[in-house]
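Input: a single structure, listed below in structure tokens.
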């Protein structure tokens, strides 16, 4: 139990405090909220650097600080904080990128009257994300995870008065919620089998050897290992949050939120949380590798989903017209790459790509933000164009980001991290499909980025808004420059020649090997990048589109394919048709069940009650009363008849007496006899 | 012994029958008193002197007097006594009833086995009767006493008239 | 036996208030409101006093009051308080004043309203504290009468029918309950819960009932079960709930959802489970299915509701069904060896937390709908609003917190209960937890849809005109509830320390009699 | 014919005569007379059976007769008082018209 790790909780606490200040601050307390947010992020960044420094002191150690949340039954529910190189790096990345984006949004959101609320939500998001990063207990991670989902809901729906934003926010929350349910079930299953959710707990943490051992050996029906099932369930959460194949539909719609939000959440940090989670529980995911007989391995599924997402994201990005949606699909594709890297067994490559991606994708988004800001919220690339000369700084930094993303060799970080992934994919013994998907992705990425660049920056402005766009203020361009430097510098941390990052993350020294050793694959990828750039330039660079209405060269070449990709492969309609309709059917069923079956039963009982009531009244009045009445009537009649005998005639009485006496006597005489 | 009995019986029945058939009330009452004397004689014959004495004292003495008073008090007009046509049918019916009754009773007696050994006339002294009355029958003696007084008062109240008017006027 | 009869005070102070209000017919409206509120607050004060001297470690009953009452039935006036009852008394103490404040304005005859409400409150407290069937059942039935009049006299347009169905349905159920306990008394000769529980634990109760005839143990179990199932309500018996909660005035529906439904669950935990562990274990699988039905179909039905109050009523059915799901899962695990006691402890703790937390969040949501209703002139259909967040940001903020707590967002109190329930139910009946996830998804779906349709989007419907933000009174009602939601979300230890020893004891000896 | 049979026959005939008289005459007083006769016939029987009973010592028969006589006296007194009040009311004492007590 490392005492210094105890102060680790300060990192998420500072932004949370800023969020508190933000929401308490009055609407016009703009300076207060923004100042608090930025100060908090700065503080978090400083603390993260300390933490990273502490973690790097002994890269293989997992410094842990566990504490009791509340007692339950004989034991207690315990949470914990964890510090190791992975956490340290993520903390630094999140807080650095967050800080830059906060500064950027000072300028971007300046005109918005809900400025304070924006910074409050941003700080809330940063706090939640940092909580996910520092968590040693999957439960604490899950709490941060859901709060990140809440923050993204609030931020996507920041301009809630626009129905589209509201719908996007709802879609994002629901889709990620579906993934989170899988995560919850995995969590609960893990908690039940191992009795604790702490990752590292002095030997009996979830990721520690002997617990993992029996998790892997515990075989369920169908030969599936318990760890596989749990791993897959947790992967559902990652799929939801990181926008992987089945649950990626919310990410493009999330672009409804302000651009700094897209940059921070839907490029750098939140979507990366899924990858971070899988990297965090990599030992658990890899636990079933040993079981040859197991029908499915977690990592194979991850690799498969990653490859599919990478390819699909890149393909759809080619046919989009909205500036931010192109970048969104590019993010989906890059996340696919990271998942692919995880799947093929090298979580270090995934994290390396995550870090580099965070910087250049944030750069691209902020660049797009400054473009949109300058062009009065015009996002359609067909209406932009010719922004190269008026917005020189944005153009320069944007092109640095574009080259980093496409993986222009040697200089840019994207190249090295993508190279590491492709290298890992090539060494994967299960199948080479992910490798081919990756390579295809490289080409497509290069193509759509050049298309974007040509459409937005080259040629002549195609709309009045684009015409008098002017360069964004310094407060927006300075973060761009810093990110551009990061996009370049970060690559050199993990080159094969000097694998500093890999050794820090894995904890043991990774042998440096010369560039040439994996040369073949590297050469192939360089060629592919070149072809992508060339094709993009050929189609969009040479003959620049003159007017907004001019149709897209690619659309002319393959109209139906272009339309299909433009419509995001019609996945939204597919989901609406299947899940949507199932949902409404279930709801209708529930209501019908309630009204007719249970309500009907109660109604029947009520009517049955009424029926018995009326029968009872009928029987009661018709049968009993009437019976009594008639009997009493008859008795009265008889009474009246007898009374006529009382004539008042004394003689009559005497006579009757005499006659009666005689009759009796006769009877006694004749009848008796004995 | 039975000759005397028969004689007494014939006398009593005769006077009784005559009493019932006489037209005039006074005669009926007097004849009836005669039959009461016959009955007293029978008591004597049977040996119950005290009973005979009581019979004579009460019936012949008191009740006949009461009857006479009643007859005298209620004889306002002569026509009361003319038996209306309705009484003809009634008389016939009455005789029929009486004869039937007598026939039945006599038949019962004839068939009944009332044979009894000849026994001397039992004597009962007044001391014995007193002892009996004051012994087991003391209660009934008192009751009879009360009965008599109540009857007396009742008779006086009834007869003395219901309203303030003088006796004899219509209510 | 503390000197002052604390538990009797808790029960009878509200009734004394009711009596006082009854005896002052000409009392003015403001005075009667203040008086009613004061007496309603007394429960909270006394409950905190009880909390003060409550010994968290002991699992037995505390502040026990026992006086001989009816020799013939050998039932005596027996009150007791353990972790479970204290939690519910605290919940009633919190919610009752809030409900009273919620019906501060637009309630025509506050004196009579206060009178009936205090009567209802006292009866509810009686149910949580009584430990002898005789006066427990009096409190149980007595709570219905004021509830009927509260709904009928101050309710919405179709309140009469709803109140009628509510009361007849519940009384029908408790008739079986009464029959069951008459049979129990006939068999065992005692009505005291503690003795009955000890009989039930070692199966003697079942044996004694069997002496009356082989058919009796099952019949009594079914009777008692039906009485509670209708009250909770368990899935098929819940059709009375949406109309009753929808037509009731805001304050009353807050109390109904917050406290009255908990009486049913309390009945399950206090009576049905300890007395009939065997039959409950035998019937546990179908019961789990019923609870799942309630959770999943309740949430899906809520999706289709256009009336906001009915929607929240269905969400109450959903949440309460989770409590029952946990209990039935625990009862199905009775007697099974292995690591179940840990899971059972989690499930039971989750049930109790869920009861308390749902009370808070459902009451807050009902109040928010009440706010929407008053500002929209009585209309509360989903389509009738739009853009309320722009019109009333503070209201949107607080209602948002209440909604997310009800949705089970971590960091707020709803999550802790639900997580523990899922943790427990997975350990005991894994497939049930998987199916219950559908309920979670559906709850998230309809709540977020409600939020989107009412708060988001351009200002429309009732919000297009002037739409006042929260006033001081609304804040007085909502802020304590919201504060509690956040505090209990971060520090559930405040709740679990009260009842943890109790549920551990329950979970440890899940032996099948 | 044993003497007891004679006595009983004698009282029966007397009784029959009394009955006939009561039925035949429409005058109330005569009806009363008839009743008196019937009573005397009954007393006759008492004494007759007393006379021929095996154990005459307790003389219950005689005592009975005494009581019977007393009762008969009371009955006659009341009867006559009734007759007089009927007479006052009805101006005549014909029994057939005294039907005010009709049922």
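By written order: A, B, C and D. Residues from 1 in each chain.
Everything that follows uses one rule, which is that contacts are C-beta pairs under 8 Å (C-beta built on N, C-alpha and C of every residue); 3 or more make two chains touch, one makes a residue touch a chain.
Predicted, not measured: the structure shown is a model, and the values here were computed from it.
A.B. asks: Out of every possible chain pairing, which has the most C-beta contacts?
C.D. replies: Chains joined by the most C-beta contact pairs: B-D.
A.B. asks: So, comparing each chain's Cα centre against the centre of all protein Cα atoms, which one is closest?
C.D. replies: Chain nearest the centroid of all protein C-alpha atoms: C.
A.B. asks: Can you work out the whole-Å distance between the CA centroids of chain B and chain C?
C.D. replies: 97
A.B. asks: Measure off the straight-line distance from the CA centroid of chain A to the CA centroid of chain B, and report it in whole Å.
C.D. replies: Roughly 128 Å separates the two chain centres.
A.B. asks: Averaging only over C-alpha atoms, locate the centres of chain C and chain D and give their separation in whole Å.
C.D. replies: 93
A.B. asks: Centroid from C-alpha atoms only, then distance chain B to chain D, rounded to Å. What do you get?
C.D. replies: 5
A.B. asks: Name the residues of chain C that each touch 2 or more other chains.
C.D. replies: Touching at least two other chains: none.
A.B. asks: Which residues belonging to chain D are in contact with no fewer than two other chains?
C.D. replies: Those would be 19, 22-23, 26, 96.
A.B. asks: At which residue positions does chain A touch at least two other chains?
C.D. replies: 651, 655, 658
A.B. asks: Give the pairs of chains that touch; include all such pairs.
C.D. replies: Pairs satisfying the touch definition: A-B, A-C, A-D, B-D.
A.B. asks: Going by the contact rule at the top, pick out the chain D residues touching chain A in the complex.
C.D. replies: 19, 22-23, 26, 31, 95-96, 98-103
A.B. asks: Taking the touch rule as given, give the residues of chain A at its contact with chain D in the complex, in rising order.
C.D. replies: Residues of chain A touching chain D: 642-651, 654-655, 658.
A.B. asks: Would you mind writing out the residues of chain C in touch with chain A in their complex?
C.D. replies: Answer in residue numbers: 165, 169, 236-240, 242, 296-298, 300-301, 303-305, 339, 341-346, 349, 387, 389-390, 397, 404, 409-411, 415-416, 419-420, 422-423, 426-427, 430, 433-434, 437, 440-442, 444-445, 448-449, 451-452, 455-459, 491-493, 496-497, 500, 503-504, 507-508.
A.B. asks: In the complex of these two chains, what residues of chain D are touching chain B?
C.D. replies: Those residues of chain D that touch chain B are 2-10, 12-27, 29-30, 32-34, 36-37, 40, 43-44, 47-48, 50-52, 54, 56-63, 65-67, 69-78, 80-85, 87-89, 91-94, 96.
A.B. asks: For the complex, give me every residue of chain A touching chain B.
C.D. replies: For this pair, the touching residues of chain A are 651, 655, 658-659, 661-662, 665-666, 668-669.
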